[in-house]
Every structure is written in structure tokens, then in C-alpha cells.
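The data blocks that follow each hold one structure.
In what follows, subunit A forms one complex with subunit B and a second complex with subunit C.
Entry: the complex of A and B
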């Protein structure tokens, strides 16, 4: 048997169905008699709806029903919610405007949901939608983030007359002011964290199904957390109580945060299924995804860092304005607050930090968590600051970082987080060697001889993963607990099904979770199945985001396995006629200590179900255990990424020549999968830095609404990556796992921009650093030199 | 409605379709071959790549009627049971997929690459040739490795494997 336990590079169990075209994504699901939904979307960024005339459309071929906001009101379908309460500095709660699944009285962004047509075919639904006549009274749109709250701007929601959602802060202002008074050097930066579209390759989709006989609903949907979807659709939207609503998230083609949220479309599909008495299917086309999926990032930040004469950091002051779009998406409020500011300390010993965040509404698509969610934004701030500070003070950027690294753990930062373990210097040392930073000067000279500019940039990131413990996040405003559940079902022949509340949409849980179970129980990995994504099978779960499935989801499995082992030992003690305390379990075998008596795990499973060797009074038959695991802390993955670029000053084209990543994810279950997560994260980070940006024009039209206009990273935009690890086990969960899913996307943007600014000798370059932007910067440097 | 007939993965199929039916709709909805995916509306992402008469095409911008009499191979037509095509095996061995959504198109495009350019493909060639296929998960690193290895393994095979 090839090694399959923790640490082995096991080929993925799920791959066979994907490489043979037998995956089962939501769009692959067809229910008997299904009808098709097509959403009529707002062409205006901001407009009052005077009248919707559906008469002609309703009579068109194949049309079953047309629903609008009036039907939402009539049926009292609850609005979409934001599940994280943030309070402003003055103690007032955030101003959340109503978010109906179909617009009521007003549209607030291009792509907002005006009506849905349910028809026999998608083509007929689409044709009929074109025949709906909507009388709009256009209002002035609020598009620009910088000026959204200025006097005279129209209010997007009555609940927020000045378009401000909240004005929040964290940290000790007085301590920071005192630190700046002592400073010998202050570095100041204005930063734009560009707006991104997540772009999982599978567009969102939903199939709503209603069983009149049972008065029960089933929703198939592209979700990262089907149980949370069920909870929201039950408790808030009020479509059906939880025991009458089954949510299935089958194979999901990537999420990156964007499929956490509960959207209008799936809400409408499940609601409409009962109204039309037919299953209702909706599949987004790519432009709909651009228009209406939750976008990511979109911050404007002014940051200042104070240093003493040696370059030791004394204090950090950050003021950020965050765009939350036209409505508050499911977790939107938490992203620029508690997922952002508590990470501003980075890997550094910073005695005083103060952050202010003003979140605003604009007439643009809602903005919520996208891979990293707040942590990439924080890393971009701190890693640009330290790089620039080092350059300004004439110090080597790597040495500047090392001087300020936190070296003692646990470390309490001034902004909530208590880092439990890490060795930042070890990762830096390893990265410097792996990258051959010593050879950089030579490589730069060689580039110069060819008329090219070469630069090197670092990013020493930290993130907080797991997004737990529940009580802690509850105290910060979360509306839910962030534990995870697991159930281990051992079958009589010793095969095992593990039901998990985590959800895999590319992360490979069917393999890594099985590695854990097979290794622990000493059974072949083929004998383990991982079940997820179905609320009828898995009782409850919190889903997958925030790199939490290893640290939290697998910890729940460990807890259930502990119970399985304890119960199995009891069974073995009856079979082997020995005291339970004398039974050892190792390599799949129960042995009586000091004897040659033993029994293997499958035989114990069989005995547990046959139940001949013990009475029901002595022991319950069967072998099935469940557990809920609530972590004791966040986890703190960290690492150092080094990006080296070569820029052609004649064209502004930036080529990434080499990339080195050394990450500390704690204990690694499957290095092959972890490396893949790092590669993908880096690619998204490079995309943000060089290529991607969602752009609205002044009228609020999204001008980057297709792959013709929004530059996705292609294979020839990227290098191959050198990926290495250091390991400091996480002390806050039983496996020592920290999480790896977001690291690359968190680390990469700062590394790229630090490398480009190093190459250019010019700090002002906004993301995405397109060839045009870089070329302009090259010209600016030349003009400055000529003065 | 007009009728269209073609051979799909070796089987003769035919159906009455609306003239505007795309090949990908014909495959997914009429033939229930859901391995071929739709990831965009602008012929950019390549999730829908299939082979028509031995050449890779984007089935999301091809009318089904234009494939009358054609020989079509989809991702479902590559393996014989558990006996995988070398390119499929290479994607699994090199972790060239994560969520799996772009994978059918990637594999079909990769096989076409080998058919056109031979089994000895450089990293540079592969990256350039993948301009019509987008993956959001892998950063392409392992896709490039998988295609190199899959191409080399195909080297021992007749080029027109289908």
C-alpha cells in the first residue's frame, strides 16, 4: 500500500470524475419538467422604477410566469441579509438598506434584479424578458468611491442618507499619536486596492424544486456553504423552515469567496418553483456574473508608519475608505473591518496601531469577501509601507523586515490578534537562499545591458485563518458561530463515510480528509468516502472559506475519530476478553498489551454491529460518532514571497522572471495539494497586481463585463513558481494545521508592486500595473531625471 | 425545426433542434454529455473545447447545424472505462486540476496541441498555446507540467488517436 497518510503526496480521489467529464456541477443537474429562469436586469446604475409592464411578455410563447418586486412584497419574501453587525465609532449600528431579491421601487446598480421570467426554455425566457417594458426615472448615480459621501450626493438608501454604512475604528489613537511624535522618520503612502471580480470558472447556477406532496423544497446551488444558505433562506428569507428545505451544493467549480453569499437568483429560483409548480433552473452567463456577483477589494487608503532612527517601527496609522457597493452582501461588513485591520501588524512588532475605516454605498455591484478577504488589503498596506520605509531610510528591505520581525510567541498585537506560533526569520532566510537574492545585482546588470529594468520585491505576509472561535467572532459582531461539524460512520465491513460541514470546490477535501481518516484508522484510503454539500446528509456545517477547512473542519473529524477509537476499544475489549484499559490501537489493530491477542479495525466494526459479544446494557451497538469543533484561536499562516521582474521600458511590459514562495502553513496533509493552492493564490495576486480591475464609467456602467475587457491571467502571463515551506505547528488545533488557501493571493500583490517600483525607482504606480501604467511611470522617471 | 446528425464519441446521433442551437447546447442538453462546460459568452475561456473532425473548436460559438455529418469527440470519449487517455492521466498525476471546471476543455486543447505540434512541447510553447483556455484555480503551473508529461506520453501513440 503506497503511503496515503498525513504528509503524503496522494493523487486526488475526486480527479477521475473530473478528467473524464463525469463531474456533477449544478448546471449538469436537470429535474423532470424543469422550467428556465432569466433575470431582467437594470440597465441603469440608479433609477426609480415607475412601472413594469409585463403584459406583452407574459403572452409570449413558452412563458409560464413573470415575477417582480411586487410579488416579493405580496408573498412577504424576506430580503437578503448581511450577517455581521459593525458599529461605528459613535456606537451606532451600521446602516443597512433593504435588499429585496427583486427590486422594489428602485434599482441601485447595473445588473440589479428587476424581474424574472420563467419559461419552457431559456431562449423563450430571454426573448420574453426583452419584451418587458420598464419605465425608469433615472437618478444621478454615485460611482466614485472617494466622493460618495460628499454633500449633495443622492442617497442610495433612505437608511443611509449620506451613503455611509459605518465609520469604524480599531486601536489606540492616543498611543499612535504619541509614537509619531517620537518618530525620527515617517513613511506615508496613498494606496488603491483595485476592485476585482472573483471569476470562478463555473458561473453561478441554481435549480429550485418543490415537492407539493411533502410541501418541501430542494435547492441545488453553487455554494461554498449550503447549510448557511439553508439557514438564511429559512430564518430570514422565510421561504421554508429548515426541515422543509434541502440545499445541495454538488461539484462546485471554484468559489474564492464569491459563492459564500446568498444571492437573489437562488432565492428566486426556490421561491418561484412553488409558484409555477415546476422545477426552476437558472444559470448565469459570464456577463451576468461580472454584473451581479459580489466583487472584491476596492479600498482607498492613506497609511503612515513611524520609525525611530534605526528603522524600528514605532507606530502605524491607517485610514481606509471601503466600497461596499449598492447593497450589503452576506458578510460584506466584516471584510474591511475585522478581517482587515487586525492584520495590519503584519509580521512586525508594532507597539501602537490605529485604523479607521469608512465604508460607503455606491451604485455598483455589492462588494464582499474574495480570496483573502481583507487580509490581502492589509498585507498590501503594511508590505508596501515597510518596503518604502526601508528604501527611504537607505536600508535593505529584507534586513529592515528582519529587524522588526516578531520573535517571541505568543505575541499580542495592539489590534486584537494574539499570534500563537511562527518563525518569520526562518522563512525569510530560506526564501533569500532559494531565490538567490545574492545573484540579483548581477542579474540586474545583465538586464541593464539589454536595455531592460530589473527589480526585486518582497512580501512577508501574515493572515488569520479559521475565522473562529465562535464566541470571539460573536463578540466582534458575527451573526453565526464558526465551528465545524463532522460525523464518522463506520460500516459493518470497516469502510468509512465521513460527513463534513466543510465544502470542497477545488480544494481536494475528498483526498486530504480521507488521508487523515485512513491514516488514523489504519485502513486503505479507497475505503474512505467524504460526504459533503447536502443538508439532508450532513446535519449542520459552516462551509469553506477563510482557509478554515483544514484547521477547523479536519479538527472536527479528529474529534469524531477520537470518539470512534474510544468506542472501538470498548468493542475490542469485549471481543478480546480484556480490560478496556489494556487495549492499544496502532496501525489499524487493537491489541491486548503484553499479549499476542489482537483484532483489526474492520473486524471490530463488524463486531460492533453484530453485537454478539456484549449486551445492550453494557454497550450500545454500532460505530458512528459525531463531533462539533470550535477552535481556541485563529490560525496564523505566514511566509515570505519574493518577486523578480524585468520591465521593457520601451513598451512598459512587465515580465515576472522568477517567483519564490516560502510559506509556513504548519503541518501539511498533502504537499501536492498545498503547492497547488499556493500556485493558484499567487496567480490571482499577480492578476490583481498586473492585469485585473473592474472599471465602472461615470454613469455606473461596468465597462469590464466580459473576458474581452477584464484581463484574466493567462498561462503566458505567469511564470512557474518556486514553492517551499517552513513548519511551525499550530498549537491551536489538534493537527497543527494553519491553512493555505489564501496565502498566495494575500502575499502576491505587494511583492509584484515592490518589484516594479524597485525596477523603476518610482513609487507611484497603481494596480493593475498594466504596460500602459508602467510605461507612463517610466516616462515620469525620465522627465524627473531631465529636470 | 431542422434535424442535425453527427457522430459523437463514435455513436451516430441525431435530433431536431432550433436553428440557433449551439454545439455545446446540443451536446449538453440533447445528448446529456455534460462534461463539456460553458464558462463564458465570448469564446475566451475554453471550457467548451471539443474536437470536430479531429480539430479543437469552441463548441459555445459553433452552431450545431454546422456540424452536420461531423465526427465529434468530447471529454467523455477519451477514456475506455478506467483506461485513461495519457493526457487525462497526466492531469491527475501532476495535479493539473482543482475545481475541475476548466479541465475538460484544457485536456481537449492539450491533445489538440500535441496533434498539431508533436509530443515534445516546451513550457513556453504550452503557455503560448493555452491563450484560449482560462483556469482560475491552478495558476497554470501544474497544467503546464501535466501537458508536457501528457504530450511525452502521447509520443508513443499514433497522433490521430481518435
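Entry: the complex of A and C
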């Protein structure tokens, strides 16, 4: 079994159907009598709606129904929610403006949903949408994050007259002020964390279906957490109660966080299905995704770090302004607060930290969690600060980090988190060697001879994954608990179905979860199926995001497997006529200790169902167990990434020459899948650092609304990555897993920018560091030298 | 996409007749600009005349000292042509660097030239090489063909049949790709044949492809990258600026790409 159990590089079971075109994505689902939805979207960033005239459009060929905000009001369809309450410094709750699924009275960003046309075909729906006449009264748009809350700016929501959502803080201001008074050196940086547009390969899609006979709905949707979608749709929109709403998230082609949220489009598809008495399908085109998917990042930060004379960090002060867009998306409020500031301690022993975060509305698409969600932003702040501080103090950046590393665990940071385990120095040492940092000076000289600039940058990141203990997040404002569920169903011949509340949309759960089960029960991996993504099959679950499925989802499976093993032992004790306490379970066999009497797991399963060897009074037949696992702590994956770049000063082109990643993910289930996650994460992080950036013009039009202007990383933008690991098992979950899904995206941006600034000898460079931006920096350095 | 009529003639004559009868119709070559524009409902021609069935429009031949390339010849065919590789290797390299493999197997030289996208590669190459665009009505020198952004000397109903490209020049094209679209943000084609030196620039001109006269004069004296030292770069006032590259940066890149093109054309 070693070939398929924990630690084995098992090829992904799901890949056969994916790479042979046999996947079943939402757009592959077509219901009998299906109609098509097309959303008429706002062309204005900010405008009052005076009137919507649908008369002519409604009479056009194929049109079944046109719905607007007036219908939402008439049917009392509840608005979309933000499920995490944040309180401002003064104790006041965040100012959440109403978020109707179709605009009522006002549009607030380009792409906002004004009306939906349901028609026999998509082309007819689109034709009719063009015939809808909307009388807009344009209002001044609020686009610029820096000035969004200034006096005189129009209010986007009545609930937030100055466009401020909240003004939040964390940490001990007085302690930080005191630390800065003692400081011998202070490093200050202004940082922009650029706005990103998630680009999963599969765009969002939904099919709403209504069964009038049972008065029940089914929603097929591209979701990372179908149960949360069902919960929100039933509890808040009021369209259907949970037992009358089945949500199915079939194969989903990537999410990166953007498919956590409950959007207007799927809400409308469910609601409209009953109104038109037909299944209603909507599939986003790429432009709609650019305009209306929840974007990521978008912070402006001023950060200061205080050091003593030796370069020991005394305190950290961070002031961030976060753009949340035009409406609060499902978890938007948590991202720049509790997913951000508690990570600002990084891997360092920092006695005092104080962070202030002001979140604001702008007339742009909503902003929410995107791969890493808050943690990339925090890592960028601390890892840029540390790198620059070392340079300013004339110290080697690696040694500066080592000097400040936390070395004793558990470690309570001044910002909530208690790091349970880690060995940051081990990862640093391994990375320094693997990267051949010693050879860097020689490589730099060699580049110089060719007229090229070479630089090296570090990023020693930490993240909090495995979210999260329910009571803890509840105390911080979360509207839900963040446990996970599992059910293990053993069939009579010993095959196993595992129902999980986690959802796989590229992570490979069908393989990794099966590895755990096959290894534990000693059965072939082919005999294990992982079932997920259907609220009628899996009773309840919290879904997949925040690198939680290994640490939380698999822990729930372990708990269920514990119960299965205990029950199976009881069955075996009857079959083997021995005391339960004398039975050992190893390698798929139950053996009476000290004898050769044994029975294998499938035979026990059969005995559990035929129930011939025990009575109903002695034991309940069957072999099926469920469990809910609520973590006791976050997990803390960490690692060191080293990026080495070569810059062509003539063009400003940055080429990443080599990349070394040494990550500590705790225990690794499938190294191949983990490496894939690291590669993908680094690619996204490099995308943020060098290529990607959503740009709105002054009027609130999205300039980067297609791949013509939004630069995604391509294979030839990336080097071949050197990936290694250290392992300190996570003490808070049974498998010792920390999580790996976001690490690359968290670590990479700081490593790239640290390398570029090292090459240039110039710290002011914003992301994305495009050729133009780097060329400008090259010229700035030349101008400075000429002075 | 709105509804439209679709015609697929098999001879040039049929195509010409269809074009004459349907004044609003669009000729469809590779369709890489036209079809996305129609899908986005930004263009709504009532009819398309698909030229892919007109066999006489495809193919590459060497006639005397000229390469004759049929208008419907794909980029991949030009890039892979032994004739082109032998007679004008820089042109094969140019064609092989257009878009990606999908684009190169659908996109055609005639379509590219007729569309005259300001970021397209062929206009710079053909302008530098002194090519001639042959249509159903006449022969048009490249220097008179590319008039402005997405504008050409083509008249209504006129169909490009082939492109005549003189061989024998030292020629190279160097482009700096837009990081997002990978179209030329700046592309510079340099050709030297006898005393004639031409430097044509795409991707940068506010008015489309243009020749950089100062560079040509300097390179005519001596065909080496060093000759461009001290030559005034094209005035940013006449260049494009966008979120990817300011006019000033484009001007700078023209100088860099021109030097690299001269080096490549010199076989270095």
C-alpha cells in the first residue's frame, strides 16, 4: 500500500476525465426546456436609474421574461450579504450598503446588474437586452482609492455617507509608539498592492431549475462551497428554504477564491427559474468575468518598522487603505482585517505591532478573497520592510531575517496568532544552499559583463491556513463556523465512499483524500470514491478555500475513519470470537493478538451488513460513520522563497533566472500535487509582481477588461522552479498537515520585487513591475547617479 | 454576433462579383480581427465573403528576384516556406513570430495587410522591404498602401490577390511585445539592399506604421547599430501612449529595437 498511501506521488484519479474532455462542468449541464439568461449591465460607474423601459424588448422573438430591480422588490428577494461583521475603532459596526441582485434605483459600477432577459436562446436574450431602454442620470464616480473618502466625494451608499466601510485597528498602539521612541533605525515604505482580476479557466456559470411538483429548486453552480451557497440563498434571499434547495457544484475549473462568493447571477437564475417555469442557464463570458467577478487585493499601505542598533525588530506600524469596491462581497470585510493584520508579524519576533485598516467603497467591482486573501498583502508589507531595513542597515537580508526569526514555539504574536510549530531557520538554510546564494556574486558579475543587471530577493512568508476554529472566528465577527464534515460509507464488499464538505476545483481531493482512506483501511485506492459538491449527498460542509481542505477536511475524514475502525473492530471481534481489546488492525487486517486468526477489512464490511455473527442487541448492523471536525488552531505553513532576476536595462525587461522555494507544509499527502500547487501559486504571485493589474480610468471604466490589456502569466514568463521542503508536523490536527494551496501566491510578489530592487539599487517600484516601470526606475537611478 | 449572410466563392471572379453586389459585405480572410469584433457585436456586416475557398489566392512562388505570396497564404506557410527561408529568412522569422500557433495557422498575409492594425507585424516588414500589394484592380506600393490606423489605399470591392516582395535585402524585424496581448508594442523592420536602407516602425506610430528617416540616413552611411548613436529618436508627440507604454517609452524602444534589427540583419 506504500505506493498509494500518505506520501506517495499518486497520479491524479480525476485527470482522466479532465484531460479527455469527459469532465462535467456547469456549462455541460443542460436541463430539459432550458432557457437562457443574459444580464444587461451598467455602462456607468455611478448613475441613478430614472426609468427602465422593457416594453419593446419584452415583445421580441424568443423572450420569456425580463426582470429588473422592481421585480426583486416586488418578490421581496433578499439582498446579497457580507458574512463577516467588522467593527470600527469606535465600536460602530461596518457600514454595509444594500446589495440587491438586480440594481434598485442606482448602479454603482460598470458591470452592475441592471436587468436580466430570459429567452429561448442566448442570442435572443442578448438582442432583447439591447432593446431595453434605461434612462440613467450619471453621477460623479468615485474611482481613486486614495481620495475616495475625501470631503465632497459623492456617497456611493446612503449607509456610508463618506464612503468609509470601517476604520479598524489591531494591536497595541502605545506599545508600538514606545518601541519607535527606542529605535535606532526606522524603515519606512509606501506600498501599493495592485488590484487583480481572478481568471479561473472556467468562467462562472449557473443553471437554476425549479420542480413545481415538489416546489423544490436545484442550482448547478461554479462554487467552491455549495453548502454555504445554499445557506446564504435560503437564509438571506428567501428564495427557498434549505430542504427545498439543492445546490450542486459539479466539476469546477478553478476558483482561487473567486467562486467562494454568492453572486447576483446565480441568485437570479434560481429565482427566475420559478418565475418563468423553465430551467434558466447563464454562463459568463470572459468580459463579464473581468467586469463583475470579485477582484482581489487593492491596498495602499504606509508601513514603518523600528529596529535597535543591531537590527533587531522592536516594533511595526502599518496603515492600510483597502478598496472593497462598490458592494461588500460575501467575505470582503474579513480579508483586509482578520486575514491580513494577524499575519503582519511574519516569521519574526516583533514585540509590538499596531495596524490600522480603513476600508472604503469605490465605484469599481467588488473586491474579496483571492488566492491567499490578506496574507499575500501582509507578506508583501513585512517582507519588503525586512529586506529594505537590512539593506539600509548594511546587513545581509538573509542574516537580518535569521537574527529576527522566531525560534521558540508556541509563539504568541502581538496580533492574535499563536504559532504552534515551525523551524524557519531550517528552511532558510536549505533555501540558501539549494539556490547557491554563495554563487550569486559571481553570477552578478557575469551578467554585468553582458550589460545586464542581476538581483536577488527573499521572501520568508508565513500564512494562517486551515481556517479555522469556529468559536475563534465567531469572536472575530464571522457569521459561520469553519469546521468541516465527513461521512465514510463502507459498502458491503468493502469499497468506500467518502462524502466530504470540502470541494475540489483543481486541488486533487479525489486523489489525496482517497490516499488517506486507502492507506488507513488497507484497501486499493481504486476502491475509494470521494463524493463532494452536492448538498443532497453531503449533508453540510463549509467548502474549500484558505488551504483548509487538507488540515480541516481530511481531519474530519480521520475522525470518521476512527469511528469506522472502532466499529469494524467490534464486528471483527464477533467474527473472530475474541475480545475487542485483543484485536489489532494493521495493513487492512484485523488480527487476534498473538494468534494467526485474522479477517480482512472487506470481509468485516460484509459481516457488518449481513449481521449474522451478532444480534441487534449486541451491535447495530452496517458500517457508516460521520464526523464534524472543528480545528483547535489555525495552521501555519511557512517557507523561504528566493527569486533571482536579470534585468535588461535597455528595455526594462525582467527575466526570472532562477527560483528556489523551500516550504514547510507539515506532513505532505501527495508530493506531486503539492508541487503543482506551489508551481501554480508562484506563477500567480509572479503574475501579480510582473504582469497583472486591473486599471480603471477616471470615469470608472475598466481599461483592462480583456486579455488584450490584462496580462496573465504565460509559461515563458516563468523559470523552472526548484522546490524543496522541510517538515515540522502541525501539532493541532491528527495528520500534521498545514496546507499548501496559497503559499506560492503569498511568497512570490515580495521575492520578485526584492530581487528587482536589489538589481536596480532602487526601492521605489510598484507592482506590476512591467518593462515600462522597470525602465523608468533604471532611468531614475541613472538620473540620480548623474546628479 | 448578429445574423449575417455567408458566401464562400471558389474563384476570384465570383468573389469580386459578390463584393461588387454587396457593398456592405466584409471579406473574410483569417478572421482574427473581424470575427472577435463581430462576436462582441462591435461590427455587424450584413454579409461575409469567405475567401478561404479561392485556391488561386494561396501559395508562395519565387518569380525572378521577387517572392510572390498569395493573399490567403497563412503566416505558418510563410514561416515554414523553404523558398522564403532561403530568399528572405527575416520574413520567415517575422511570420513565425506573429501571434501564436493558432493564429499563424488561420491568419493570412492579405488579411493582415488589409486590416493594417497599427500593431501588426507585416506592415512594417513589407514597408521596409518595398513590397507591392497587388489587387484585383492594380498594383500598390507598400509606401502608398498603408495610409493610417486600420486604413489602406484599398477601394470598395477591391481584393488583395498577392504580395510581391523583392528579395536580396539584408532584412530583420525585431519586436517588443505588449506584455498582455503580445502584439508588437514596438516593432522595427530594417532592410538594406544596395544603397537603399529602410527602417519601418509598427506598434508605435499614432498614425500607424511609419518609416524612420533619420535612422535610414544614418544607416545608409554605415550599416551598423553604432550609426544610430546620437540619432534623434522619433518624437513621442507622434507616437501612441497607453497603460502599457508611454509615447516616450515607445520612442526609446524604437531605438533599441532598431539597433537589434540592424544587428540581426547583419547576421550577427
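Assume the second predicted complex is superposed on the first by the 785 of 787 C-alpha atoms of A that agree within 3 Å, B and C clash if a C-alpha of one lies under 4 Å from a C-alpha of the other, contacts with A are read in each partner's own complex, and residues count from 1 in each chain.
Following the convention adopted for this analysis, a contact is a pair of C-beta atoms (placed from the backbone, for glycine too) under 8 Å apart; a residue touches a chain by one contact, two chains touch by 3 or more.
Quick caveat: nothing in here was measured; it's all calculated off a predicted structure.
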item: Which of subunit B and subunit C A:770 touches, first, second, both or neither; value: second
item: Contacts of A:252 with subunit B and subunit C, given as first, second, both or neither; value: first
item: Which of subunit B and subunit C A:566 touches, first, second, both or neither; value: neither
item: Subunit C versus subunit B, contacts on subunit A by residue; value: B
item: First (subunit B), second (subunit C), both or neither touched by A:708; value: both
item: Which of subunit B and subunit C A:3 touches, first, second, both or neither; value: neither
item: First, second, both or neither for A:70, with subunit B first and subunit C second; value: neither
item: Subunit B versus subunit C as contact partner of A:140, first or second or both or neither; value: neither
item: Touching partner for A:203 - first (subunit B), second (subunit C), both, neither; value: first
item: Overlapping contact positions on subunit A, where the subunit C interface meets the subunit B interface; value: 123, 287, 707-708, 712
item: Touch list for subunit A against partner subunit B, complex; value: 11-12, 14-25, 27-28, 30, 123, 199-203, 251-254, 256, 283, 285-287, 505-508, 672-673, 675-677, 679-684, 706-708, 712-716, 718, 720-721, 744
item: Contact footprint of subunit C on subunit A as seen in their complex; value: 123, 126-127, 130, 287, 650-652, 690-691, 695, 703-704, 707-712, 770-772, 775-776
item: Of subunit B, residues touching subunit A in the complex; value: 18, 20, 28, 32-42, 44-45, 47, 74-76, 78-79, 82, 84, 88, 91-93, 95, 97-104, 107, 123, 126-128, 130-131, 133-144
item: Subunit A-touching residues of subunit C, taken from the complex the two chains share; value: 1-2, 40-41, 176, 179-181, 183, 243-246, 249, 252-253, 256
